[in-house]
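Please find one structure pasted underneath; my questions will follow.
For reference, chains read A, B, C, D and E in written order, and residue numbers begin at 1 within each chain.
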């Protein structure tokens, strides 16, 4: 295992860890706002780390830049969707944003 | 010339359907004519080709199989093309009254109608297992869309049931195709045989494909979807469903059985298929006997009549092939005629419950006439195409001393007579209250003429059989050719 | 591809799950799920059983499956539209009762 | 020119009535005048054409129309002596019945349907008479079933529908047996035309059992229409049909078609010798003999006039079968000539029953008291028919019975004579009381349901009955004339027994 | 080794998700699971050496199908807000044996086919051989357009048919029904659209172009473009309309018509039908198909037959 591979592995594992934490948060936190909190922050960081890990692994600037773009897009999407969900949750005044039939 | 004509036969209706999506409604009438009327003339060219030189291959895009897709025009596919073109044209005459181009629903109906037409043409030509899958899906989706086009709850439910079963059937077929490709790496159904040993794996794969097709062709006991679908669809749609759509799946089974697996020893399976056919005949007829609605009776009659097509498998001879093909032709015309007549009756009376049809023959003599005439052929009574088909079946059975099939075919006409005469008797019964003639809702005479033409066609088929039978005899599968 | 047999088994299980779902589900959307799962199983199978050519996967089944995926989504789209309409007309998204009102005329 | 004539005339004979039927359908209910004209015109034309064909045959030609249905399988219409006999009978009786029916059905509903199918029915009968092979015969035989059904259910009552169902159940089942037998037979011999004396003898050794079974199948298939016991049950039920239909069913079309078919089967397919050789003549003979007696006994028990006539038909038609089953030239002549004679006599009886029923509302025999005084002409006709049925000379029936008896003695089957005598006694005992009531009993104060009709209507009704009666008398009195049915039948039979 | 583990993880998730989909308590969660299953399946395709399929599965199988299911679910909920159907039908006793039997059969057949001395597919060999004469690097695109063009053409026809049939069964008044998020005009949404829309168009064009040599092609590109359209519908930039517009209609059938006409035109040059005159035709047809696929999918999503632009968009 070369150094770069080791680095990549480290980054990927860390990213997965953040994803895992975010997912646990999504499942365990009590209301919509907290869940968003877990989703956006932890997952975006996880995505960032995984992209970075993959970029190191690929050792190719073109791929690395595409991966960077992916991260940016992920950020953008997460931002807007979190914003919309939060607005909805606030307007509804409810802490449960699940669809009507769920649980 | 033949290549060009065949390509146009498939693509003209397809392109016209696409045109209907783009062009404004005022063009609809013209487009319908463009999409349908030239077809019989185009078909003359391939006909001459087949008559002169026998089978004809169209290598699409110039890439022969196994690389590309091939169309095979042989006598049997030519027969199917003629049947499709002829029946669709006559039913379209009727449809131009039930879905007049000036009305709103016409924009929904006609594109699907033409796609259905084109796809069946493509299907009967196709010699490629996967291409057949795609075309079958096209046929199915267009047909189901047409069933539901009027949005009646019963039709919607029937369409949904049909759709689910058809999708499942397609999957079974596709599974078989996948396995066969995995074994041979070939998809051309006339080439597969060269690369395939009849091992358990391939036989099972073929069986899966055939079961899928049996579902699509509603062979007992896989018929459950058919009566509701055919019984609740709009008249012209019922007509084409019973006359063509279920038949093309049977046609594919024939192809797989006699061409792809022509050399294999499938005797016990053939007997099974025959028994299914026999059960279909009995079950469909008995079920038709207890129905209370005219269209349901006709639909169950289709279940029964499809059974005859299964008898080809155990009998498997030149005569049987001619018989089954002739049955295809005569039943196609007769059943289309019946559904069209029933549609006119339904439209005029507002119901097709038998209890409300007493004395209807006085009010709608043309439609009752068409119904009765077509019934003669369905019952297999002479002189009619149905009789001739039955005769050929009997001869085929006698030739092989298959007495069981012989008695079945001979006696099964009685069952058909039982349910059809029940209908006719009701129509001749004196009405308890006087029927009020509602001129406004009456179907125009030309709509009845379409039904009568088809019914007369079924009768005339009892006399002018030689061209069809010669054609079929010229296109026998390799194993059966004398 | 040494993992073909593995995926074939996966396809078999998925197919079984699909069949199970198709039988036990009453709701039409669930039936569509099940049919789609069965379809996916068959797609996997088609690609997996085709032998590789010089170590590379055979492109033909992939192309066929690509076509199959588009057909599946088309059929699903239509089925969903049909289901919505059926629900609007009958208040049911099942096929359970065929003798309900509206089966006549 | 001659060839064309010979080719097309048989077809035209069939087509002319079929076309009439179709035109009547198309013309619709309202155009009564057109319908009447068409009907009469076609009926007259038909008689003329039969005469034309008769002349052609007399001149030694054989008009034959032939097309191929399936390669190797022909539809053949051919005029030979036997077919001409039946065709003449049908054509003449159709003309008479048409006149009668037009008057009878005046003002009743659904006349277009009635006359349309009436014509089609005659077309089918013509086809049967001209059929040149068994397949053609079968085709028209089934067509006849189809076209008579609407006539049976014509009144549209529940009873009519029910008896229509019985009718179909019997005839269509018979058709199935016929079809199986036909297919089987063609399997052995290949498609073959009717030839006097039959052509099956050469296959006797190889296929004896098959030929026997086939014979039974075909005989049962035809026996259904010929109403041979126990296949007769549909016939009395079919009495619900209007009187002209009953007349036609009993005298010409359906029942006679069955009997005619049996004649063809025995004489032209198997040949009398082979039938005897296969041992099939005796069962047929026994069935016929039993039916004769059974029908007569049943007739005796009926109180409904039309029912009594119906059972009389059951009995009488079996005379024809008896004749051919006995074998030998004389009995065969008797059977074939009875084909004509029974037709003429039975049609008189049904015409008269129809007149009594329609004009006076008479349905039961006890209501016939004194009808002779009220309707002398019709009653006279009825008497002629009844006496003929009993077999009293000089009415036609006597001739047939004479030949049958003589023929039976000639082949050493004397017991048949006993059957004939018993039957005659029975005939007398169910007809003579009726005649007594008609002529000797006093008329009631009021008829059950008397209706007023126009003179011309009565004239047409009674007139057609009288024409039939005259014909029945004529063929009996002039039996020796070279063109009489008897001479004709003799000529036919000479071919079978050279 | 790692590969096998990865395969096992993917397969286990697939099976677990499938079980969740068919037997989960909530329909809504069923849809979510279905989508996740589609994405997992994309991984499986990648593992099977089928990147084209992976992309198609992610975009079409998971994305589009999921979106269609979501919108159908939403309509059901609108009619009956507490739409929570009972999970199972009645005939459940035989279900398990049948399912096991079916699965077993498929497994047996599949294993039989895999393990029995797999010959290279003749068709596949022919494709790879023929492709050397072409300017195409992606054999799948070659199969789809050059060698088995009829399949692809009819597949487009299937999509068109599904669309026509879906419109045919939709109530007339529902054709004007618009699906949007609750407040689509917040500034953030505008900003998102301003970035995403050009980007997706760019990506789809890239996929289209890449398709000739690398994984990608008209279907994947069309699906991505459709996603963009779905976004526009959801954010009320365009909305459903029952007014048919010629341009929209032309877009729907562009793929079918251009492929058919070019395919037929081959006969004028004396070539067999469906023979393409050159690479330009491949690009042209793919572009038209991409547009048609995208537009049709958006229309299916919106449940309508035409679209209109909103003024305040």
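We take it that a residue touches a chain if its C-beta (ideal position, glycine included) is under 8 Å from a C-beta of that chain, and two chains touch if they have at least 3 such contacts.
Note that this is a predicted model, so its numbers are computed, not measured.
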**Report entry** Those chains which touch chain C and also touch chain A
**Finding:** E
Requested in this report: Kindly indicate the chain pair that has more C-beta pairs in contact than all others.
Outcome: C-E
**Report entry** Centrality ranking, top chain (CA atoms only)
**Finding:** B
Requested in this report: Starting from the Cα centroid of chain D, hunt down the chain whose centroid lies farthest away.
Outcome: A
Report task. Between chain D and chain E, tell me the centre distance in angstrom, where each centre is the average of that chain's C-alpha atoms. Result -> 74
Query raised in the report: Distance-wise, how many Å sit between the C-alpha centres of chain A and chain B, to the nearest whole number?
Result: 56
**Report entry** Rounded Å distance between chain B and chain E, as computed from the means of their C-alpha atoms
**Finding:** 31
Report task. Can you check how far apart chain B and chain C are, centre to centre, with Cα atoms defining each centre and the answer in Å? Result -> 26
Query raised in the report: Which chain B residues sit where two or more other chains touch them?
Result: 130, 134, 137, 141, 144-145, 148, 151, 156, 159, 175, 179, 181-182, 185, 187
Query raised in the report: So which bits of chain E are touching at least two other chains?
Result: 27, 106, 110, 113-114, 118-121, 123-125, 127, 148, 151, 155, 158, 161-162, 165-167, 169, 171
Query - In chain A, residues with contacts to at least two other chains - result: none
Query raised in the report: Of all possible chain pairs, which ones touch?
Result: A-E, B-C, B-D, B-E, C-E
Query raised in the report: For chain E, which residues are in contact with chain C within the complex?
Result: 3-4, 7-8, 11, 14-15, 18-19, 21-23, 27, 30-31, 34, 37, 41, 44-45, 47-50, 52-53, 56-57, 60-61, 64-65, 68-69, 72-73, 75-76, 79-80, 85-92, 94-96, 98-100, 102-104, 106-108, 110-111, 113-115, 118-121, 123-125, 127-128, 139-140, 142-144, 148, 151-152, 155, 158-159, 161-163, 165-167, 169-171, 174, 217, 219, 293, 297, 300, 303
Query - Contact footprint of chain B on chain C as seen in their complex - result: 22, 28, 31, 35, 38-39, 42, 45-46, 49-51, 58, 60-61, 64, 67-68, 71, 74-75, 78-79, 82-83, 85-86, 89-90, 95, 98, 100-105
Report task. Would you mind writing out the residues of chain B in touch with chain C in their complex? Result -> 130, 133-134, 137, 141, 144-145, 148, 151-154, 156-157, 159-161, 163-164, 167-168, 171, 174-175, 177-179, 181-182, 185, 187, 228, 232, 293, 350-353
Requested in this report: Note which residues of chain E are touching chain A in the complex, please.
Outcome: 26-29, 77, 81-84, 181-183, 186, 188-189, 191-192, 195-196, 199
**Report entry** Interfacial residue positions of chain B with respect to chain E in the complex
**Finding:** 3-4, 7-8, 11, 14-15, 17-19, 21-24, 58-63, 65-69, 104, 107-109, 111-112, 115, 118-119, 122, 128, 130-131, 134-135, 137-138, 141-142, 144-146, 148-149, 151, 156, 159, 175, 179, 181-187, 195, 200-201, 204-205
